[in-house]
Each structure stands twice: as C-alpha cells, then as structure tokens.
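Shared between the two complexes below is chain A, which has chain B as its partner in the first and chain C in the second.
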Partner chain A sequence: MAEIGKVRIRIPSNIKRGDVVRVRSLVIHPMEIVQRRDGKPVDKNYLFIHKVMVEYNGREILQADTTQSISENPFFSFTFKPTEPGMLRITFLDTHGGKYEGTAEIKFT
Partner chain B sequence: MLRPGTVFGGGIVFAALLSAACAQTDKASTAGLPPAPWISRAIPEGKGEVKTQPDGKKMQVRYKRAPFAGVPQDWSDYRTYAYDDTRPAPPVSKAPMTQVKGDPARGRRLFLSRAQGPCTGCHLIPGADVWPAGNIGPDLSTYGDRNLPDEFIFTQLYDSRNFFPHTTMPPWGTTGVFKPEELVHIVAFLKTLKGPVPPEKDPDRNPDTRAKPVGFGDNLDPTNNPAVLLAEGAMAVWSKKGPAGKACADCHAGGPEKSMKEAATRYPKYVKAYQRVMSIEDFLTVHAPETTGLQMLSQSADNLNMTMLVKMQSNGMPLKVDVTSPEAKGAYERGRASFFKRVGQRNHACADCHTKGAGRGSDKFLGGRLLADVEVGLTKHFPLWRTSQGQVWDMRKRMQWCMTPLGMNMLPADAVEYAELELYLTAFDNGKEMSVPGIRH
Partner chain C sequence: MQEWVEGIKVSRRGVLRALGLLGVSAAAAPFLAGEPGVASGQGNLGSLQPEEKVDATLKRLFGGRPIKDGSNMIKMDLPLIAENGAVVPITVEVQSPMTPTNYVKSIYIISDRNRRPMNARFSLTPEMGAAAIGANLRLNETGDVRAIAELNDGTLLMAKREVKVTVGGCGG
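For the complex of A and B:
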C-alpha cells in the first residue's frame, strides 16, 4: 500500500456559484481491525482514524467521529454549498496521534 | 469479421505454409514455429496443474477464491488451447430419439437449469422467473409455432452441427451435458412455446430492451478505483533492494514516470532472450529474479501491482504492438488460430462470444452480461479492478476464467498460448489509448 496518511480529494472540475459540490476524499490508512484471542478481543490501542474534520476558509463545516469498523483506506464523500471561492481542508486524526491533512481549492467558473 | 468457413480455409492454408517453411529453412531460423515449452512461473494456484486425488479422480488445482472455486469439475477429457494438444473437436454424432414421453414441465426446468446450460443464457423464453436471460441465440418465445418435427428438434439439441456445421451452439448430447432422455423433455417443452407472447413486465429481464451497463466512472481516480492505490503501492517494491543487492530504481533511473514512459505500449512483444512473446506480467516473472533477485511470480500481488505501475506510465498513449517482424507475425497467426479454435466440453471458440454476426455474441447479452467485441478492444484497460470480485485481474486470469465454466481446464497464467492470444487481441487495440487500471464488473 502507498504511504500512510496520503490524502486524496476529488472535486468536480466545473463549479458554478450556488452549486452543491460533492467532495470525494480518501486517505491511505491501515485501519487496524480488532484482534481476538480465545474468542475475546485483545485489549490494546488499535490504530485507526477516529476523527474527520472538514474546514472551509477556516470555518468548520463537518466533524465526524469514526470507528475501526470502517475499511482500510477509508473513503468519505459529502456535499456542501460554497457561497464563495476558497480553500477546503480535510483533516484525519488517528488513535496513535497521527494527523493527516489534504486541501483542495474551490474556484467558480 | 470472417465467416467460420473462411476461417477454417485460412487455417488450412496457414498449416500448409508452415510445413513448407519447415522443409526449406535452416535450423537457426525459428520464425513461424511454435515456441519451445515454457516452464510456468506462476503461483501454484495459477499453474493449471492437474492432480490425481486419493480416490483416483483427477482434479485441476485452481484459485481458491470465487469464481474459480465454484467449478469443481475436471475437464481433462476436453481439448484446450495448448499447442501440444492435437485432439480433434468432439466428432459430430447422432442418437435415436429415446422412447420416453416428453414432459414439458420437466423440460422447462431443464431449460432453466443453471447446472447444465442454462439454455436461457443464450435463448429468450417468456416468464418472469426466467433468469439469466440472454439473446445470443434465436428468441425461442414462439418456437412451437414453427411446427418442426420432434426428431429434428431433438437432433438439433443433441448436436446442432448435424445441420449447421459452424454453429455456436454446444453439442449438448455428444458431450453428455444432457442425457437423450432429458433432451426429449426439452423438445416437449419447446413445442409448447406458442404465440402470442404475453407483454413483458420487466424491461430489464428482456435482453432486447435491457439497458446496457454504463461503467463505473473515472477509472484513474484513486477515490473511485482501488486498483490505483495498489499500483501506487508497488513503488515500495520499485525501490526495495532485493537479495542481489539491487532495486528496480537502481537501473531504471528517474522513477517509473520517466523510465517506463511508453514502454507498455509495445507489449505483449516477442522477447529474443526468452524466445517467446511476453506481456509485462510474463517479463517480470523472469526479469525481476534475474536482476534484483526478488520473485515476481505470475498472478502474485507484487507482479500484478508492478505491472499496473509500469502500464500506468503509458496511459493516454496509443498502443503499438509489433505484429510484422517474422517472430511476431508467426505468434500473431497462432494467436489468431487460438481465437477461432473450438475447445472444451461446450466446443466454444473465443470468436463465438467476441465477434459480430448472427449467432455470435458481441454486443449481446450472455445471461446478464454484455459481451465485448474484439474490435472495440479487450486488452487496453487490463489489469483491472473487478467490482464483482473485489480483486485485480490481469488479462490472463480473465482468459483462464473465460473457458473454465465452459468446460476447459485452464492453462498456466504465463502460458505461451495465452501470450500469443493476448498479442492477437492487443493488435486490435493498436492506435487506441491505454487506460490502466480499468474498472469493470
């Protein structure tokens, strides 16, 4: 797998003022799953993404708490309506203190 | 596209030329001759080995995952694409109509039986429960109105080649898929199919009105196609030093972007050092151990991911495989002969499904699947992500799977026969842009 923490963001190439924009984002992450020994879950600090934060022009527009039940290399998609051009920033936090960021610029055509 | 008659004629001319060439050339020239046997460098499940079980039954070793795991039969009795397999097609045969009374209800069940045909994969009949519904063969919804004699329909089912020598229809009786008694029931059922046909309730059931699949969006978008991520993961192997102390990166300077640019547009190609046609996958199986010391067996994850990484550097560039040099031309002709060779229990050829024409499959539905046309291009997006399997498949696994359910034991993934067939198919893509990894159902 490619390097951990690489964030990809895809937005439509053509955005007009007033459009609802669908953002597709993906982060490279192993998203460790719970191990079991003798039928019991092993107690340890599992490595997975537990928080997703989205900011637009510095203003938080989405925050999500996630669990290890999400797949490896998790994919998140959401929509929002930008009222002005700006910078979209998506931040992923994992349980081992990792912080992975990706940005995409939204321009109106 | 050539009619079957022309194809057989061409084959005879080609064979004559081949023997003439053998008679007069010196030993140094190997052009036009089938390549020497190749020892497979595929993972154990991909080698196509046939093992004898403790109970004496033969069984082919296949991939552990579906769909391969769902085919338990061994097809050693039927001929394959292997160049040393000179067995003829099952001879045309006839059988007297069994003196049992045909039961239409039983015949309908047999017509729909997925374990045997299913007949409905190619022929449409009325009924909301009829699935898979394909349209390669004639629509039989009103077949009973033709008032054909029972004996004729029976022989037509038993071995259609009695009337149509180049038919696509498998010889159901000759190869024993259906017993004569079962065919009598099917005859009785077909006689009950009379018009008028009730109106179709579900347009998606009927292959003639069914919407064609639209694909899965941008195949090069990593948020859309997981295979892109797997290919990028091969960068770790690219820069990893093998047991020989070298990495790919040490010889191929500038990263794959620079050193592999356009390289894949020439594959499959005849590689002199190994005296055979090779795809990127085949080449890696020998090139990686010889240089870095790392094993890259055909169908292993490393092999597939590295192949995608290399091929991605040629995306958007037109394919230009060589089919004119003497060695490549010979290979191309053999690949073409394989494309039209009838193999397996069903006695099918690639051409049955992937060329245009009456009774041919391209752009028609085989059950629920739309079959692709060889001229549109079957190879330029391989290896690809299969949404139905959740896996990357290369061209070879695709070929291995094509014939397995139709009654042919698969050849090794890196077999010369498959390589030359792939060369023939890729030649149709010459001039078309590569787009790897693709994404298909």
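For the complex of A and C:
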C-alpha cells in the first residue's frame, strides 16, 4: 500500500463568486476493521482515520470525527461558499499518527 | 536404592513443575491484568471500544435531551438495498439557512446495527453555505440509519431510513 495517504480533491471547473460549491474528496487508506479471534474482538491499535479537517485560507470550515464504520478509502463530500479566491486544504489524521494533506486552488471565472 | 532415586526424581520434577507454573503465572499476570489498563490509560484512539446499543449511544452523545422528528428538514440519500455493506454511500442535507446566527452545528450519522453505532460526526460552520455532507459507510446488517442534526440553538432533529444489507461490511 505505497499509495496510503494519497488525497484526491475534485471541485467543479467553473466557480462563480457566491456559488455554493460541492467538493468531493478521497483518501487512500485501509481503515482497518475490528479483527476477531475465536469470535472475540481483538484489542489492538487499529489503523483508521479519526479526524478530517477542512480549511479555506487558514480558516476551518468543516471538521469530522470518523470511526471504523467509514469505508476503506474514505470518501467525503461537502459544500462550501467561497467569498474570495484561495486555497482549500483537507487534512486527514489517523490513529497511528499519520497526517495526509491535499489542497485545491479555488479561482473564480 | 532405586526407589530412593525415583523418589528424589519425582520430587525434583514436582518442584520444577511447581516453579514452572509459578513462573508462567507470574509472567502472565502483568500481561493479562496490566495491558488493557495501560492501553486505556494512554487514551489510545485506535484501541478497541466496547460494544454499544444504539440507545446507549444516543444517551452518551446527547444525554437526555429531546430529539425532535426532523424528517421534513433532513434529506437523506442512501440506497434502499445495499448489496455490499462495506461501501454504502450516504448524503445528508439539512434544509436550514447557514448564517452566523442560525446554522447547523453538527450532523451525526448513526447506524443502529453496527457494533459501535456512532459512525461519524461532522462539525459544520456557516461558511459552508449549505448543510450538506456525504460519506461512505460500512453497515453490518439490515437496520436503520439515522442522521441527527444539531442546530446552533441546541435543537436536535432526527431522520432515519432502513437499509437492507445483503452482505455485511463488518463495521467497527
């Protein structure tokens, strides 16, 4: 899984000032599920993404706390309303201390 | 003579066996008793959380606060039948203005039949323009999926939909 932590962000190609933009993001991550041995769940340090943070020009616009009930290679979509051009940054944190970031530039047409 | 040696041997073996048992139990004791304590003491996020029923989850998240029916305000979009429980796309949209004085503070996604029903919590801000989020869930078995929206004045609104799951995704 050399690709772990690869973040992809998709935004519409045509954004006008005042539009509500739908952003879709995806991160490559195994999101380990609870393992069972003899029918009993195993206690260990599972590797999964537990926090997602979305910032626009350094200001936080969305935060998500996630659990193992989110699919492998988690996908998130959300809306936001940019009032000025800038940089959208999505950060994913996992339980083993991993930090994965993706950015997308928002420009008005 | 023979009997005497045999007697020594047996007793020696017995002593060794007793020591061995002691040793094993001494080695196992800290492992069995200590490890879960250490793991929970460190507040490890990835460690196994106890199984929970959905009522207990709602109580833990919201205390005894009343949850209103919000089915006319919350639009949930997810399949009626999920063939693969490992990837169930869901979008939740709350028809509410997103102004600094009146907005949706958070959206919870809760699936009743998962081992841990709390799936995800989204903390929203007025900058989002609209309260709409989407994700892919893992669903363990057929059951209700709830979306609970918390408005900035503390009102809780809930909508739920049943999803039939053909193959469970073994959610966390």
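Brief remarks follow.
Basically, the second predicted complex is superposed on the first by the 107 of 109 C-alpha atoms of A that agree within 3 Å, B and C clash if a C-alpha of one lies under 4 Å from a C-alpha of the other, contacts with A are read in each partner's own complex, and residues count from 1 in each chain.
Everything below uses one rule, namely that a contact is a pair of C-beta atoms (placed from the backbone, for glycine too) under 8 Å apart; a residue touches a chain by one contact, two chains touch by 3 or more.
Since we're looking at a predicted model, the values are computed, not measured.
With both complexes brought onto chain A, simultaneous placement of chain B and chain C is permitted, the two fitting side by side without a clash. When both complexes are overlaid on chain A, the residue A:Ile28 reaches chain B alone and has no touch with chain C.
Of the two partner chains placed by superposition, only chain C is touched by A:Thr66; chain B is not. In the superposition on chain A, the chain among chain B and chain C reaching more residues of chain A is C. Touch criterion met: A:Phe75 reaches chain B and chain C at once. When the two complexes are overlaid on their common chain A, residue A:Arg8 makes contact with chain B while staying clear of chain C.
Draw one line from the C-alpha centre of chain A to that of chain B and another to that of chain C; the angle between them is 90°, to the nearest 10. The minimum CA-CA separation between chain B and chain C in the overlaid arrangement is 7 Å, rounded to the whole angstrom.
Common to the chain B and chain C contact sets on chain A are residues 24, 75, 77. Chain contact summary for the complex, chain A toward chain B: residues 1-2, 8, 10, 24-26, 28, 73, 75, 77.
Of all residues in chain A, those touching chain C in their complex are 20-22, 24, 33-34, 41-48, 50, 56, 59-72, 74-81, 95-96.
Chain C meets chain A in the complex at residues 36, 39, 44-48, 51, 86-89, 91, 98, 111, 114-116, 118-125, 127-139, 169-172.
Considering their complex, residues 221-224, 226, 229-230, 232-233, 235 of chain B touch chain A.
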